[in-house]
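Right after this note come the structures.
You will see subunit A twice below: alongside subunit B first, and alongside subunit C after that.
Moving on, here comes the complex of A and B:
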């Protein structure tokens, strides 16, 4: 079998992802979730996990359900398992968010069981996803470069959700572990949770996905040679080193990890520049044009992160940089690539079977790039503004920026909704965006 | 299986059309059979044609004579691998060539299925894509249309598709 069928579940993942992002942006805009004054408050944890699990993780997991078969030219091991992961992750997320609100002093009374049950469901979802994707990948050995990024990213995902479940249990039952262990867990463990989740899982996976996706849609060479291998090797080893040494008091080793990871991501960014320059498709579509915004965000993140570490200003810049990584790099890449992935999957579902028998629209006909481009520009400007606001504690500027980001995301979501549900002309009953099929 | 040997000098002496004779000879090749062409010039158009058909080309020079050997690639990858069904069907027949290189997904699929619908039964659509067209192959699997993939050195792929029946859709 070399053919690949359209994933039955990817779009359901994307719906949860987009709704989560919109909800997180709304909470941040309204000031209900305020990362500047109360990072560990229930509502802030809600916004953080809506962004990390609801938006970014569901987005990447949904993309992988389709992307792993494309990379391996093997059908996904189980579509049912894909659905199970979606259901358990979605239910787990809802319970987890409710659990944060049920923490002492929170908006919900009672419900101590919500956090551990929600966390357990998320872990189950991830384990099922790992089994499903892992079986598919196992059948495709030896692996291409993007697969190495994805496999390493999935490893970090498991570590991250297991740590997250430990936090959930500890928050529910503080006597579960000794005070010393709890202090370690909520100190070093929290950093490992953030590094493993944002850098290990989300960044490594997004790097691998972007390598394949952007080369596919810009017709650039897929084989990245030693540039790609170096980018993977340095980043993966560096992040692994940071994660392990976060638990030990060996700062030299952790510093070496930082240097390796920064070196790896820098090589990756340079290689992406080469990829764009070597593309055969000179006129780029919106997703490829705007993805450069996400890559710029990653470059700024690396540069500012290095500067903050060297000048010992990490305490001040950690929050803005985490925000830039989540919203600028991962969020930007996700939103831009959804603009190609959703029309592509919709086109395959709706028109693939009709090809050769009747006139079918092109994928580009399902979207209106001129209409939708400003939303992407607004999104990236809003993210930059919010990052600066977080750095300089401009509360109202941050909330205004999140308002702009919300408007931009809502407009992008509208455009994606229109792809699935084209507007029909009242007179003819025919879609105004999709050409007639007769 | 014995290879078919063609001496270009003999064809020219008989004042036959070199191109027409060579094409007829190529059409008579059996699956797995090699072709050896002896000529005093480099048969570049024939080499390009045979490469497109999935033959490996080897050349050696003996004095003024160039011996070009066309060997069918044995590393053929077939699509639907249901045992004893589609695998056994040789992908042979009059060919229709489509160069899909330089087109982004799903344009290659669009063009290929369009042509596949138009060509008569038992004709072969040969496509050359920048990448293995995984979604197209998925659709061919669903339609039970046999195909074979010939990965190329430059990462592109030649896929030969035999239209055994009209597309159901």
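Moving on, here comes the complex of A and C:
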């Protein structure tokens, strides 16, 4: 046998991810979580971590359980470890969210143990994932370009969850550290937590995954040459520099990091344009067409972020840009690629062993692109609307936009559910979404 | 019984698809060679992406389809990675389907 085994756990990760995204959007639409007026309030922290851990991190970790073997042509070191990470991270997330609600003045009384225990479980899950994915990657040295992005992203993930656990312990026991250290931690440390999580872990990993996935799906050249190496080198060094110098009072070094990272992402975006232009598959499927929305979101993020930094308006634009990064770039890329990945895994389960014995449908036959495309358009419009609302403090526009995003995400989740559970014709007992096979 | 020909084997293998691209493996250019010896067929083929989880299914599907050809008593499928597959290896029909000439 020459291929790698199908990941046993990826779909379970995707279920948690989609449920988390739907829940976060619901809380933001209802105004229960309000990032504009109370970023550090319990319910806002719930929505933030549903988005960052529940949605984005579970999505990427789930994808990596299948994607790392594809990249390395080696089977995942352990399927069991993949399940352990899923279980500990899901349980850890639930406890962490409950812990935010148990903070002083929160909705839950007591439960001081929830935050550190939840944070610890998440750290354990990440360490197990690093061991599992790391062992698989170690066997595949020397690494291809996308692997470098992923390995660096995983390094940032560890830093981010360790910092997160430190916050969780500090919030539970404020006397754990001196006031000066606590002030540093919740000042510089918080920025390092956000930069490390959203830019280091999520963005670098998504960049590497998108390089491989989009070249495969569009039949574009996979080898990116010096464009790819430059994009990786500049972005990784730049983000590392920002993270390290966030802890020091050396603004020049941090500025150099910003310039390098912005340069790296710009090179990456230009290379993605080259990739799309060089594709052999002119008529693209929905996932590849709509992924351009996520890349546009990343481009807008870089442009606006640069402008905000140069004009000293970072304070006003930080929140909208973080939102655009999480929902437009990472969220958009995730939702579009799930539309290909879930049908593909479903096809392997349902039809893989029938290949050669009877006629089988194509992966594309498991979805209805014409029916589902409007949801993606609505999602990206809603994200743009919400980003502007956050920038200009339009509370009701933001809540309406999150309502649209919720409707769009729910419709995409419905489409993916239908892939897994096709309707069956009452008369013939045959799925009506899949062509007759014989 | 007439002797089995390469074209009959290739025609039969058009029933096997690459599920992601949604096109048959013959027109995609994945079949590098067919050797017929009496009632045995040996096929040398490749895949679009090394490490793809569909590889094992396509390989065994090719074998299953070969075994179902009338007159074939034994079959062997060898997956190779050199030369690596390239979209230019597609047939004109497949290129037209994907939108490039």
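By definition in this document, the second predicted complex is superposed on the first by the 436 of 438 C-alpha atoms of A that agree within 3 Å, B and C clash if a C-alpha of one lies under 4 Å from a C-alpha of the other, contacts with A are read in each partner's own complex, and residues count from 1 in each chain.
One rule holds in what follows: a residue touches a chain if its C-beta (ideal position, glycine included) is under 8 Å from a C-beta of that chain, and two chains touch if they have at least 3 such contacts.
Given the structure is predicted, the values throughout are model-derived calculations rather than measurements.
Peer 1: Identify whether subunit B and subunit C fit side by side or clash on subunit A in the overlaid structures.
Peer 2: Once subunit A is superposed (C-alpha atoms), there is a clash between subunit B and subunit C.
Peer 1: Taking the superposition on A as described, I'd like to know which of subunit B and subunit C A:407 touches: first, second, both or neither.
Peer 2: Once the two structures are laid over each other on A, A:407 reaches no partner at all.
Peer 1: Going by the contact rule set out at the top, does A:91 touch subunit B (first), subunit C (second), both, or neither?
Peer 2: neither
Peer 1: For A:360, is the partner it touches subunit B (first), subunit C (second), both, or none of the two (neither)?
Peer 2: A:360: touches subunit B and subunit C.
Peer 1: Name the contact category of A:282: first (subunit B only), second (subunit C only), both, or neither.
Peer 2: So A:282 only meets subunit C here.
Peer 1: With both complexes overlaid on chain A, does A:3 touch subunit B (first), subunit C (second), both or neither?
Peer 2: both
Peer 1: State whether A:237 touches subunit B only (first), subunit C only (second), both chains, or neither.
Peer 2: The answer is neither, since A:237 touches no partner chain.
Peer 1: Considering only the touch criterion stated at the top, classify A:219 as touching first (subunit B), second (subunit C), both, or neither.
Peer 2: In the superposed model, A:219 contacts both subunit B and subunit C.
Peer 1: Would you indicate which of the stretches 23-31, 77-85 or 131-139 belonging to subunit B has clashing C-alpha atoms with subunit C?
Peer 2: For subunit B, the clashing option is 131-139.
Peer 1: Taking the contacts subunit A makes with subunit B in one complex and with subunit C in the other, which residues are shared?
Peer 2: 1-6, 69-70, 73, 216-217, 219, 280-281, 344, 347-348, 352-353, 355-357, 360, 362-363
Peer 1: Would you tell me which residues of subunit A are touching subunit C in their complex?
Peer 2: Residue positions touching the partner: 1-7, 66, 69-74, 216-217, 219, 280-283, 344, 347-348, 351-353, 355-357, 359-360, 362-365.
Peer 1: Taking the complex as given, what residues does subunit B use to touch subunit A?
Peer 2: Interface residues on subunit B, with respect to subunit A: 77, 79-81, 102, 104-107, 109-110, 113-118, 130-132, 134-142, 149, 155, 167, 169.
Peer 1: Can you tell me which positions in subunit C touch subunit A when the two form their complex?
Peer 2: 15-17, 19-23, 47-66, 68, 79, 87, 95, 98-100
Peer 1: Write out the stretch or stretches of subunit A touching subunit B in their complex.
Peer 2: The contact residues of subunit A facing subunit B are 1-6, 69-70, 73, 75, 216-219, 221-223, 280-281, 285, 344, 347-348, 352-357, 360, 362-363.
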